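Have a look at this one.
Letters A, B and C mark the chains in the order given here, with residues in each chain numbered from 1 onward.
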Amino acid sequence: MLRPYICGSVTGTIPGKAPAFARSQETSSFAPPVGSLAGGMVQRRLFLAFLIVAACHTSARRQDAPPARRIVSLLPSFTEILFAIGAGDRVVGRTKWCDYPPGALAVPSVGEGLPPNIEAVAARHPDLVVLYNAGPNVTAAQQLERIGIRTVLVDLNRLEDLGPATRTLGRLTGLDVRAESLAAVLDSLAHQPPPTSTPSTTLAFVVWDNPPIIIGHGSYLDQLATAAGARNVFSDITAPSAQVSLETIVARNPQWIAVLSDSGMGARPAFAKRREWRAVRAVRDGHFLVLPGSLFGRPGPRSGEAIRQLRALLSPNEEGAQHAAPLREVPHR
Amino acid sequence: MLRLDGVSYRYPGASRDALTDVSLSVGPREFHAVLGPNGSGKTTLVRIALGGLTPLVGRADVIGRSASSWPRQDLARLVGVVPQREDNLFPQRVRETVLLGRYPHLTLWGGERAEDRAAVDRALAACDAQHLADRWLWTLSGGEYQRVRVARALAQEPKLLVLDEPGMSLDLKHEMGLFELVRGLVETSGMGVLMITHDLNLAARFADSLLLLEGGRPVATGAPAEVLTQQTVEKVFSWPVAMQTIDGRPQMIPLRQPKESRA
Amino acid sequence: MRWTLLVVVAVLALIASVVLGPAAVPLSELLRSDIVWNLRAPRALLAFLVGGSLGVAGAGLQALVRNPLADPFLLGLSGGAGLGAVLAIALHLSGPWALPIAAFVGALAALALVYRLGLIGGTGGALDPRILLLGGVAIGAFAAAITTAIVALADAAELRNAFLWLWGGLSGASWDSVLLVAVYVPIPLAVLLAASRPLDLLALGEESAGYLGADVGAVKRRVYLAASLLTAAAVAVSGVIGFVGLVVPHLARLTWGHRHRALLPAAFLGGGALLAFADTLARTVVAPRELPVGVVTALIGVPVFALLLRRWTIA
């Protein structure tokens, strides 16, 4: 408790539990000779100063822990960040979903990632495992710690989490400088004002059709839309995603229906043919934005690129051409 | 009306016959009782007589036609059955449950008619159960419930009434009442009655003819005085008895057996 | 008198379904509104048809298996439907009708299996209702286990959304589906209605029912198949909506007794009204969000069921 307060926070450490190797270090440095200090005020103050220095020393020593050399990344965004800051050659394990950059595909996969396969992860002999901070992963992190593998849980839900996540990974790999420059760019993405305060283009992200599930304000996709100069008609829903009635979509009448596609087939989603969905004007007019999941589905170093592409798709210059080429698809890389 | 000729039957997978060479006949105005110790095949007999089981040897006919070839609904208009057990799942009133007896007479989409309701009233009257008409079934005593079941069978307006151990778990008054009722039906409506019963004495008093079964085989058949002799009864029921005569009918009195001589 | 009341309630439920909703449609615009004609009206009708089918199927099944706790989804059909749906998604079957058709086929497969299990004494034998119940539970559990395994092992994250579909929802309602259901449903309904009297007799036990003229074997087969076909259609079109088939027959019995000639139509109207009403609640209570309708029927159904149980134990 005292340590993090004085010496700076370590974002994402499992609350309340210090990593195993740090614990052994603190006991070895922390053995004041109590008997010789009994009774002296000065000596008591010295002792206190000694305690504080030792505490900082311990945590500083933990922060000075050798940079991670064998990293297992359990989230595609983390994999992208690691490669982007130059730590790609240190990634020895990834999830099957980690598909960017192309070099990542050469790294062995340790499975789905949510929840992680502990044995597969351990088999890579990592000295650091990076996990997305969510329910099942907390338990998995505890299990990994118990077998002596260092873990870190990192939040990454929205654009503003990108900077801190990048910095954390930078610090853990000793690539602070490169990480900082990337983090600064990502921070500006999160904090730049939207291109227009009154967007004229409206859209809705449809994740599932029966029952209809849309993206709300709590999601990164909502931020993408705002940054690209559009308005998510469901930004009044605070949750990241929610089930809504079809008639609500019809009533809010978004100009575009955006769908994430894993396969970039370019075809309209299957629900476009269903009779009840044709009550939505955007479906009738075929105004679909088909966005590749790899680029748009997660916040990461390419978020800036995603915003640019989305802005281009919605660009007012092509307003007139909107009806001519209603289906907008980002070419699958 | 009901005729079994040399019927034999064995349940699938059983090691011995349930019935061997059994014959009986019940005509109008006849009260025929079937007696025998437990496991002597009495219930199997009823099932065969009503077409539920097909005899392996011999015939079972109802009004000249093989029992198992009768369409269920037509047979139900001729034969009313009061089985041993009934498991009424949902709560009902007496009048509703007796009305079920009219179902064989109703058409698929037609409703209950005035004549159906009249038949229910007549059946309840015959069983002295009109005062129970609006009661819930679960509030009835054993004897009352049994009378209601007989009323239901009567509501079918059958020519033949079949009862399987109707007196079981009835007290003296209600059992006597039941036998009197059945006897009355035979004499006034000209019904034929086939009754399975444990009660030798009441069967001897009220029935016109008896069939005594043992291990699926007929031991004796005919008038009560011919069938229930001391030798026969002692042999079939494995217990010493003394015989008396009341109203010209044999009555058996079981004797106490001293401990030493019990086999 | 009570029939009039029931019809009025049913009509009110339908009207409420059409008039109320998360999208504010002013009364003056009602007749011209696209939302009302293309979304709410078919959805209200579909809710009514599905709810009615479940109510009647439940009543028939409770009489058939002689168990007041029977519910159409005890037959294993929901497990089969779920498995069919998940397979359709996992195999990337395309087409807007892929999911309902796959669910229907899955339900039929479960039906065939349970039916075969329930036939004692081989294919010529009679149906044993107790085995139907037990077999239904077993097949349903088995199908659910396979479904979960597929979801755990397969790629698409969409598969997890398939479970949301299974929770029950009328989102897919359109005039197409209403037409389909409206054409399909009358046949099994008619079969069940025609079996009204034999079902009354069946309450006395199979032996007594036979002695009172019922063709017990044929009645059991017909009732089981008709109730299952109604349930299969309901699941295919709207997922698993629980409690309607369980509670509505009991509610109907409170007023109409056990005579199935009255009970079955009452269960149909009552079930239809209940589901239409529950769907309206699902759409409006947390607007703009929507609750799965299976959640609403459970939330309504459980307290009602508790009240009924109290009434039974007092009686």
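Throughout what follows, a contact is a pair of C-beta atoms (placed from the backbone, for glycine too) under 8 Å apart; a residue touches a chain by one contact, two chains touch by 3 or more.
A quick note: this is a predicted structure, and the numbers were derived from the prediction, not measured.
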Chain nearest the overall Cα centroid: C
Chain pair with more C-beta contacts, A-C versus B-C: A-C
Chain whose average C-alpha position is farthest from chain B's own: A
Centre-to-centre distance between chain B and chain A (centres being mean Cα positions), rounded to whole Å: 82
Computed distance of Cα centres, chain C from chain A, in Å: 43
Contact footprint of chain A on chain C as seen in their complex: 21-24, 34-35, 38-40, 42, 94-96, 98-99, 156, 158, 161, 164-165, 169, 171-176, 283, 287-292
Residues on chain B engaged by chain C in the complex (per definition of touch): 50, 52, 72-73, 75-77, 79-81, 83, 85-92, 96-97, 100-101, 103-104, 106, 108-109, 156
Chain B-touching residues of chain C, taken from the complex the two chains share: 66, 68, 194, 197, 200-201, 203-205, 207-208, 210-215, 253, 257-259, 315
Chain C partner contacts - residues on chain A that touch it in the complex: 207-213, 234, 236-237, 239, 242-248, 250-251, 262, 270-271, 273-276, 278-279
